[in-house]
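Down below are the structures I want you to see.
Presented sequentially are two complexes of subunit A, the first with subunit B as partner and the second with subunit C.
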Partner chain A sequence: MNLRGYLKLAQAPFQMRLAYRTAVLLDCLGVILRIYLLKVFWTAVYGGGGAVEGINLPMMVTYATLASIQGIVTTSYVHWGMQRRVRDGSIVIDLIRPYGFLRSLLASSVGNSFLADGPVAVFALAVSLLFINLQPPASLAAGLAYLASLILAIAVGFFLYVLVGLVAFWTLELFGFNNIFEFLSLFLSGGLIPLWFLPPWVRRIAELLPFQSLAHLPLSIYIGKIEGAAIWMALLKQVAWIGVLSAIVWLIWKAAERKVIVQGG
Partner chain B sequence: MAPMIVAQELYREFRTPKRHPGFLGSIRTLFTREYNVVRAVDHVSFSIERGELVGYIGPNGAGKSTTIKMLTGVLVPTSGYVETGGLVPHKHRQELACRIGAVFGQRSQLWWDLPLIESFRILKEVYRVPDETYERNMRTFNELVGLDELLNTPVRQLSLGQRMRGEMAAALLHDPEIVFLDEPLIGLDVVAKEHMRRFIAEINRERGVTVILASNDMSDVEWLCKRIIIIDKGRILYDGTIEELKRRHAPYRTLVVHFGEDYPEIRAEGAELVRRDGTRAWFRFDRTVNPQRLIADLSERYLITDLSLAEPTLEEVIRGIYEATPTSPRARSSRGGEGKGEP
Partner chain C sequence: MTNDQFPMTNDRLGFGHWSLGFLLRVLGLVMLAGIKSRMEYRLDFILRVVMALVWNLTSLVFIWAVLARFRSMAGWSLEEVFFIYTLRLLAHGCYCLLFHNVQVISRYVRWGDFDRVLLRPLNPLLQLVIWEYDPAGIGDLGLGLICFVVVSRLLEFHWTPPAIAFLLLVMAGGCLIELSLFLLLNTLVFWTTEAGRLAWLVVGTFSDQFALYPLDIYNALLQFVMTFLVPVGFMSYYPATLFLDRTEDTLFSPIFAYLTPVVGLVLFALAYSFWQVGINRYQSTGS
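Up next, the complex of A and B:
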């Protein structure tokens, strides 16, 4: 299929989102509430003290706020769509279409992140700029590197969620697996609590897993916790994870496809 | 010209782990590798020419969907040969995708949350349908089944009948050469069924689209299909014309009469009283007997309050076929063609 087809597929999530305007409104309120509560939390934790691990309170609040905002676009729901297709058998519809299944998921996920979630994130950012003392990026280079790292984070997120979704081809349901995944992702990505606050052994585990690509790496670049040549290392790590995860996803998808069309289940 | 669809000794089995009953049994199930083998499609052979409209009839679980999945390439046969449009479907699935259309009655191919028109706009790009073709098709579909009034309604708000009109249009938007319709009429009311029948007949007649119409109700396809293939328990029981089938395996019809009084004895010229229940009576009569004469004869002598004419059900026809053929059904179902329904 041509690019126009995939672009059209990418638009659908945006249109669907518009169909549920109340949900969008609640999304916006939810993220604002989260940003506010995290600000209150970190202010209480710091309690007028100075910098911890080189990070002072305004930097910490900036980290937490951006984590909440970028979480909107790095979190994907692609796996729930996959579960539905497997459970109700509509995967058959995807298989008789002239497109690649993974590519069609990528298209709708890109559409989701940029067209459907993007506006919510921009809104949350605008509100945060008004009411929270957001720090600018550590430097211009850090700001640009952050944007690059954020795009890579969205890609890592996509592959991770597709990986979760592929489990449905064998288990038919994802709740249990998804809970474990969400829990690991929440703690090991640094999206809720920065990794430097965690015990060293947890940090070492996080180093070995792809989750830190989702939040820790881009946000650390932004606030200057990762700087200089280490920025390149961070971006390289993300790219490497995209390579590894996409290969794993492709292999497992081939097995899933074989399972559907050969075993018929 | 080569046939559009060829199935030769097509066989598909499903293996499900053998379940042992009870708690200990379920633990045993976890550790054993015994399987139940279900023969979903059991050495089926037929061939379908370009432009044919074939009814693929069988009770639920007979193997209709499994066959269609193999013909569209979303299921690999366990053994046997299958060819659709000159391609082996599961090896050329995406190539074939542009040339076929499908409606799976129970599964929607439309975008649930979006107005119907959006599904067509998306599919237009997905299948690279040229603007003129898109315009022409949308116009035709509208003339046939009145799509325009539905276009701005989100799919989830459409009634089943309305949604099926949309599903049909979606399957035909890219001018496929072959369409597979798997139970497209299921659950539809009379009016909606009529809409769908007209749609199917039109695209077959006017555009020469080859249509495979799977249904569990023979009367649904009676007015559409000259040729029907009956499948039961994975095996083909009959492949031929409907007239032939009726003549051979369903030679009788039933007239159900509701009498105004409880007559002690009831007779009818040319019909056999097969059942009585108070003032109601069932008469079986040969297809060659004109029901008008039968009714006239009855109403001359009795007071009649209600009448209805019953065609044999698919189950009765299938029973009739089994009864007429003491040999194994597999022996009879070798190749396609007309009137292969006898030993």
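Up next, the complex of A and C:
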């Protein structure tokens, strides 16, 4: 299949969102309320005190706000679609269609993040600015590096969720597995609590896993906790994880292709 | 129905023309059937219990990890915030165990299944709550009880019989508050299709998140909302000021610390009346 076909796949999520406008608006409102709660929470926790671990209150509020906003684009639902296709058997159609299954997932995920979720995230950010005093990035370089790191984060997220989705080829059921995954990802990505506030042993585990690429690395670059040459190191880490995860996804996909169980077929 | 199997009494409760004993037997049988059908898929059931645990643990771990580092928020210690969290979870656990099914209202109405409910000679709301009864809420309530034991140790509470009696009333009141909010918002499905999502947004935000913290961290507007409009403050914060012996700090009035059961009953009466209005407006789906 040529590029045009993949572009069509990438447009589909945007059209879906248009069809469910009220639902999107309500979800958006949920994120905005959450951002407000986090601001109030961290303000109460800091209680007029100074910086903790080099993070003062405005930095922390900025961190929490951006974490919630970028969570809209880094979170993928690609695995639920995979589960459905394996369960109802439509995966077979995907396999005989003239496109690569993984590439088609990538196309619709890119469309989802940039065309469908992107505008929602920008809207949520714009509304949040009404009550959040968002700090600018630590420097111009930090701002640019943040954007690069965010795009890498979206890629890491995509491969992680595809990995979860591949489990469905063996279990047909993702419910429990996805739960454990979400729980780990929430805490080890730094998206909920910055990793610096967690006990050292949790931080050491987080260092070894890909989750910190989703939130901790881009956000640390933005607020200037990671600076100078360390920025390159952080971006390199994300690129390395994309390499490792895509290799694992490809290997498991090769096994899954041979293993397709079709229910009721 | 006049045969001997359906003994008649008057219908003041709207529970059909049945005697109380017969009503209870029917309820028991329907719920048992629900539990049995859930147990057919045992792994699925266990997963849902675990999910309930994980969902609640997420916010607990968040609070614990942050307050272990910062020690307190707005004059409330880690243990006191944990106690507020526990009160909310106990009420929420009761709601999940008993009334979780009110959330099926919007689905029943949108898919037209509600017709069947109206045809049966039993209170429609009661039917919805018990019909596909799911005991997975035992996970929420179980975690709540564990937290209760732990936090009582941490705060060195000595639970006297009157205190326990009041705690049970607070749990019942809090449970009614969450039930009523879901009922009120899901009843909107008789007017708009997005009612289920709206209910989830409002309760998911206020009960699952905002009610976990002391009310005095919020601005005046939110304090007003969480006291008078979406009164989740009564699920956790207000009674907590009484148990923690901090009624001198209670917002608005120290009396509010005692009001949870009353608020629960009044809100339920309101929600139930609104539900009746909604039912009377119901028209089945076209297909």
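The working rule: the second predicted complex is superposed on the first by the 260 of 265 C-alpha atoms of A that agree within 3 Å, B and C clash if a C-alpha of one lies under 4 Å from a C-alpha of the other, contacts with A are read in each partner's own complex, and residues count from 1 in each chain.
What we mean here is this: a residue touches a chain if its C-beta (ideal position, glycine included) is under 8 Å from a C-beta of that chain, and two chains touch if they have at least 3 such contacts.
Remember, predicted model here, so these are calculated numbers, not experimental data.
Enquirer: Mind working out whether A:134 is in touch with subunit B, subunit C, both or neither, as first, second, both or neither?
Expert: neither
Enquirer: Once chain A of both complexes is superposed, is A:93 in touch with subunit B (first), subunit C (second), both, or neither?
Expert: In the superposed model, A:93 contacts subunit B only, not subunit C.
Enquirer: So in the superposed three-chain picture, is A:148 touching just subunit B, just subunit C, both, or none of them (first/second/both/neither)?
Expert: neither
Enquirer: Could you tell me if A:45 is touching subunit B, subunit C, both of them or neither one (first, second, both, neither)?
Expert: Touch status of A:45: second partner only.
Enquirer: Would you sort A:205 into first (subunit B), second (subunit C), both or neither based on which partner it touches?
Expert: A:205: touches no partner chain.
Enquirer: Tell me which partner A:12 touches in the superposition: subunit B (first), subunit C (second), both or neither.
Expert: A:12 sits against subunit B, while subunit C stays out of touch.
Enquirer: For A:34, select first, second, both or neither according to whether it touches subunit B, subunit C, the two together, or no partner.
Expert: Second partner only, subunit C.
Enquirer: Tell me, which parts of subunit A touch subunit B in their complex?
Expert: Going by the criterion above, the answer is residues 1-2, 4-5, 7-9, 11-12, 15-16, 19-20, 88-90, 92-93, 95-100, 260-265.
Enquirer: Could you please specify the touching residues of subunit C with respect to subunit A in the complex?
Expert: Against subunit A, the touching part of subunit C is residues 44, 47-48, 50-51, 54, 57-58, 61-62, 65-67, 69-70, 72-75, 194, 197-198, 201, 204-205, 209-210, 213, 217-219, 222.
Enquirer: Spell out the residues on subunit B that touch subunit A in their complex, using ranges where they run on.
Expert: 12, 14-15, 66, 69, 72-76, 90, 93-94, 97-98, 100, 102, 104, 106-109, 111, 113-114, 118, 121-122, 124-128, 154
Enquirer: Over in the complex, which subunit A residues touch subunit C? Could you list them?
Expert: Answer in residue numbers: 22-23, 26-27, 29-30, 33-34, 37, 40-41, 43-47, 52, 173, 175-176, 179-180, 183, 186-187, 192-193, 197-199.
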